[in-house]
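The structures come next, written out as structure tokens.
In the two complexes that follow, chain A is the common piece, with chain B as its partner first and chain C second.
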Partner chain A sequence: MTKSVLYLELDNCIGCRSCLAACTQCGGHDEKYRNYVVDVNPLVDTQTMPLMCLHCVNPACARSCPAQAIQIHETGAVLSARVEKCIGCQNCTIACPYGIPKFDVEQNLMYKCDLCIERTQHDIPPMCASVCPTNTLQWLTKEQLAMKKEQNVLDNGKWIASSDHYLENETNVHISLPGILQKKQKLF
Partner chain B sequence: MTQNIKQAGEQLIPTHCSYCGMQCGMNLRVDVKQNKIIGVEPRYDWPVTLGKMCPKGVTAYQQTNHEDRLLTPLIRDDASLKGTKKGFRKATWEEAYDLIVKNFQTLQQQYGKDTLSVFSGVSMTNEKCYLTGKFARVALQTKYIDYNGRFCMSSAAGGMLGSFGVDRGSTFPWTDINETDCVFLAGSNAAECHPTMMFRIWEMLERGGYLIVVDPRKTPVARRADVHLDLKPGTDLAIANCMLHLLIRNGHIDEAFIEKHTNGFADAAAYVQAFTPEHTSNVTGVAVEKLERAAEIYGKAPNALVMFARGIEQQHKGVDNVQGYINMALVTGKIGRKKSGVATLTGQGNGQGGREHGQKSDLLPGYRKITNPQHVKEVCEVWGITPEEMPDAGVSAYEMFELMEKKEIRSMYLLCSNPAVSAPNLNMVRNAMKNLDFMVCCDFYLSESAEFADVVLPAVTWSEDEGTVTNLEGRIIKINRAQRPLGDSKPDWKIQVEIAERLGKGKYFSHLKTAEDVFNEFRLATKGGTADYYGATWEKIESQKGVFWPCKSEHDKGTPYLFLDKTFYHPDGKAVIHSPVYRPPAEEPCEQYPIILTTGRVVFHYLSGNQTRRIPFLQEMCSEPFAEMHPMMAKQYGVWEGNKVKLTTRRGEGVFKVKVTEAIRKDTVFVPYHFGDEQSVNLLTIATLDPKSRMPEFKACAAKMEGWT
Partner chain C sequence: MQPQKNEQEWEQVNGLDRAFASRFAKNMFFTLLTIVMLSFIGSRFFTHLDLNLYGYMVGTIIFLAGFFYRFMAWAERPPTKVFIQKGKKLLFRKNTASTSVDHMVSHKFIWNRGIYRWTQHMLIGWGCILSCFVTFPLVFGWMYFTMAENGMYTVVFMSIDVMEVRADGLLAWLFYNALNISAIMVIAGVCMALYRRLKNEKQCAEQTFIYDFMPLYLLLFISVSGLLLTVTNVFFAGFMQPTISLIHQYAVIVTLIYLPFGKLAHIPIRPLSVLAKNYKLHYGEQEMKKCHHCGNEFIAAEQSADVIDVLRQNGMEYKTEDGVHLAELCLPCRRETRLQMFKHASASMLSVGRGERT
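Let's look at the complex of A and B:
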């Protein structure tokens, strides 16, 4: 693992898609974006949220791959399919519960977020978190993450954000659920 | 500090974005061997934005080597093709200059000096903005120069001048936003128009601060507001007056501050007595409880910022709206100290610097007035002309088109602007451009406005020249050159020097051989003015990461905060609490035109879209305008998401795709203005001008709607 982790505060998202634009700028990304932004309540409000690879510790995409084309970097990042191994079966595109791996028909190759491995292996923030204008995507040290969790666990007995329990899987990316401002103690 | 990744054979050139007033820091990635910009890398150490960029910023570099770049001058011999892309042929600079000089001289001999006009913009450096003012007055000797800030910042400027006696868009640095306790944001969709300040607003909320947003739409920033005042477009002044009423009623005013540092309180207090929450609710459609809650929060906040943007400014009472909201800070004394103050969110990259130094019809460098003989004398000394040679004040941007219609102006030199998309009442404006005797357009793409030109001159993009820009904080920053000019393109300042020489005015211009030469003359021209840049050398700007004006001498570090000594810029040192009289929008809904039409931006495009509509990623995200409306309105007209509607006003019509959302008032339709030709919503907008700022009322007019198949 690197010193820092990707951390998401979904409620901050304004739908600007800067993370997508930035994704195309990462050296190994072939100018294709590998994260997505969805409208949470279409026709109702402006709430959006980024759909990011969570870099699962035991990723369904890699488990579903019959050719061992999806490798896990020593930092924990789940990499894009290796060109020489991917057979184009598209198992991973369906196996992933978040729909992150996509398929490039022309190249007969799966592509997905590799957490800007060129950058993050040196602890340089990934492009998406570097540019995110709202801090929806943040690159935090373990200490900063611990502080965030403390801040965001709310003491009202009912609501817990940033729970220590993983929702789906154990992931290397951490999420604060929407509602981090609920019951926030106001300054005055 | 976060490090950047650097690829072999590449150089990172630190600079700023080409687009809005945030002027986000960025590094351009340059292939050294080819001398070619190939990408972008965050600039983590820029204190205002910390590497953050919106999608326009991330892709801004793609403008430079874009296939649509103009690489040579273009001449069109057949005037009947004006208003189209057709008929242009490539020409040399000499041929283009000869044609321009011949036409300018002939027209001026026949119709007088003022038959020429210069229409400029502020998405360019201070050096270019400054020289454009000198070019118009000294080289062309015309009084008709004005600029696109009349469609953008002029109401904020007028309001701040009236209240404070000085127009610097922000009284505090942006790094205060996350540290204050309350942000009162009026008429700003900051999340889409100034996205990189959002992390500061959210941080303020996470600290337990309050956000109040005044907007007819529940925009992404309004979504999280503690109070959203969802007013009817064009009724802001009633809200501002009501806030003042409630601050007084609640006892949240600072009487000592009012007494010592302001004038006009008694009159204002008497006037706003009528603006009870109940009356204001009737005028604006905002619930009484929300008005009361907003005033209570702002009144109780230990520190608070009042911020506003085009929503309140692009109205025929824009100046009054600005002064109305500024009153909140003046009566509570929440100004002239850290973490409190007033700011406008400047729309254009150099909206601040570009309006201070002589592109405005009545202004000269350093915020001097052309109607003040002493000011004229000071500038004449720098320029080497006599006061008798200085032209008088001209007219505002939109009014120049009216004079073109009347043939009082027969020629236009257009640069850094695209009024064929961005001006109001476009049928008239396009017609006026079409009927000009001779028009020159400088741009790096063939814009919709260039289609009306006889000669098009290829300018460089921001990344191929250097100079300074003044961002929305009032911080002077440095734009660096990352690539040599593409093709035969040239910087605007150089084009103006070369035309001036051919008009026989070389002695006033020929010494300006580099952008820094222009800057050094410009610094001198601002010396002693209100907007004094004299001490802001390029070296100081680099080493301090920007210099806030005023900066009067080599030893002066600049002025991040205004009014810390509680001295305002009016002669008696006091601020003015105005009593702006409420009046409705110029055009209100009626039986024939029952809908309120309002306009604005989306996050993916900038101004007229001449730049951003050419960037593939931005086009993929938003390729056409839309008519945003509430589901109730959609049902009433029998349309739904993806259908088309025709919107019609007394001035024009347009067909737009329907976008349904509950995040807008039921009586209002919103259409973004970034699109050209028949997709321009400005075909429909109204040109009623603010009496002081000459700002058109883009934000409210009356329309009718019908389904379109």
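Let's look at the complex of A and C:
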């Protein structure tokens, strides 16, 4: 595991889509972005949220891959399909509970967020977190994450983004729900 | 590993299966039996076996053991099993030939990934295939040359005199040099691949020596040592020829043993892409799955059901509150559902505990 983890503070997103632009510039991404910024209430308000691969500890995409093309890096990152193995069946796109993997029909290849593994394996923040101007995407050390957890624990003892409530499974990327920063002075 | 059969299951096993301790043993036995029979016929009752090449025979047998060990386990994985079992029933679809050519001969999908990558892959892939087509028939005596009259070679394939060629003609030259040509192809392809791996930042980050470089070095070593045999024969009167020949033979055997377990394992996996394409087309024509939210058709209904089943077998059952499996939603709706879930579970509605929030 790396020293740091990716943490999403959904409250902060202003929809600038810098993360998407940065994603296209990551080496090997062929100038295609692999994450999403979604309008939560289109034509009603301007709320947006980023959504990206949460790098499940037990990933459904890898479990459903008939060619064993999706591998898990020693840091915990669930890598994009290995180009030599992917047979283009799209099982992974159906299996992912978060709807993340993309499929290139021409190349007969699935591609997804690989947590910029060439950076994060050396504890350098992924491209998206490097450029996010509002700290929606944060690259936190374990200690910093523990502090967040301490601050955002609910009165029922659960963390605000505990997997059994809002996510389908345990993930290596952590999310805090919108509203966590309400009435709070932001430092940026 | 196969689970132990109970008494009732043993009763259902047919007589042939009862003769073997495992499916692995059965597959190995019948494969070796087929090879021996083909050699018996092809080499005219074992009279034309080249025993200089017996090392490759041993290597092939060890390769087969590794191949069955690795790929029988692979074929038992739930998602793989689905594609193999359903895909093989659809092999006689009209598009099978064109898909096979696209995926396994012309590698069109690699062309779409880049001309450089396509070129290197064609050189390595077809260089290896050409060398296998020459080497293995020679090793097992399926193909050999005889000289009935002076200056003319007879090409014998499976005991049949296929053609006569002039010993100093172009065709004969191609026969003699097929392995040299394939070696040059592989060396060129491997050099291109190595250059890309050393220059491409993404590759530099992800690649490992054992997985990505070793197969390239093995292929390079085989090709160079093979070419050296020709060089020593033509220019140095066969100096160290027996030694180089043994080194080359060992290199081939090591690569054959390694093949099912490393990166080269993608070669036996590739035909599954033809089965997968047939599966997608066939079941897509039958019924498309409509997204439970937006009603858009997004995947074959059969595939959606199969993935749900595979996930269930892996202990994963992802359902929304209204009982719909997430695999029954199209991708945008699945993302939308998640975000709505986040939104409605807004922390502002929950009581957040202690600590100064910064």
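Structural remarks
Methods note: the second predicted complex is superposed on the first by the 168 of 188 C-alpha atoms of A that agree within 3 Å, B and C clash if a C-alpha of one lies under 4 Å from a C-alpha of the other, contacts with A are read in each partner's own complex, and residues count from 1 in each chain.
By our rule, a residue touches a chain if its C-beta (ideal position, glycine included) is under 8 Å from a C-beta of that chain, and two chains touch if they have at least 3 such contacts.
What you see is a predicted model; the values in this text were computed from it and never measured.
Looking at the shared chain after the overlay, A:132 reaches chain B, while chain C stays out of its contact range.
Once the two complexes are overlaid on the shared chain, A:76 sits clear of chain B and of chain C alike. When the two structures are aligned on the shared chain, A:27 is found in touch with chain B and with chain C.
Of the two partner chains placed by the overlay, chain B and chain C both lie in contact with A:118. Of the two partner chains, chain C is the only one touched by A:109; chain B is not.
Of the two partner chains placed by superposition, only chain B is touched by A:43; chain C is not. With both complexes superposed, C is the one of chain B and chain C in contact with more chain A residues.
Chain A uses residues 27, 47, 118-119, 151, 180-181, 184, 187 to touch chain B in one structure and chain C in the other.
Across the complex, chain A meets chain C through its residues 10, 26-29, 36, 38, 40, 47, 49, 51, 58, 60, 63-68, 79, 82-85, 87-91, 93-100, 106-109, 117-119, 121, 150-155, 160, 165-166, 168-169, 175-182, 184, 187.
Note for the complex: chain A touches chain B at residues 11-12, 14-18, 20-22, 24-25, 27, 43-48, 118-119, 122, 124-125, 127, 130-135, 151, 180-181, 184-188. Touching chain A in their complex are the following residues of chain B: 2-5, 7, 39-40, 42, 44, 51-55, 57-59, 181, 191-192, 195-199, 202-203, 205-210, 218-221, 223-224, 300-302, 603-604, 617, 621, 631, 641, 660-663. By the touch criterion stated above, chain C contacts chain A in their complex at residues 74, 77, 79-80, 82-83, 103, 109, 112-113, 200-206, 263, 266, 269-270, 272-273, 276-277, 279-280, 299, 303-304, 307, 310-311, 314, 316, 318, 326-327, 329-336, 338-343, 345-358.
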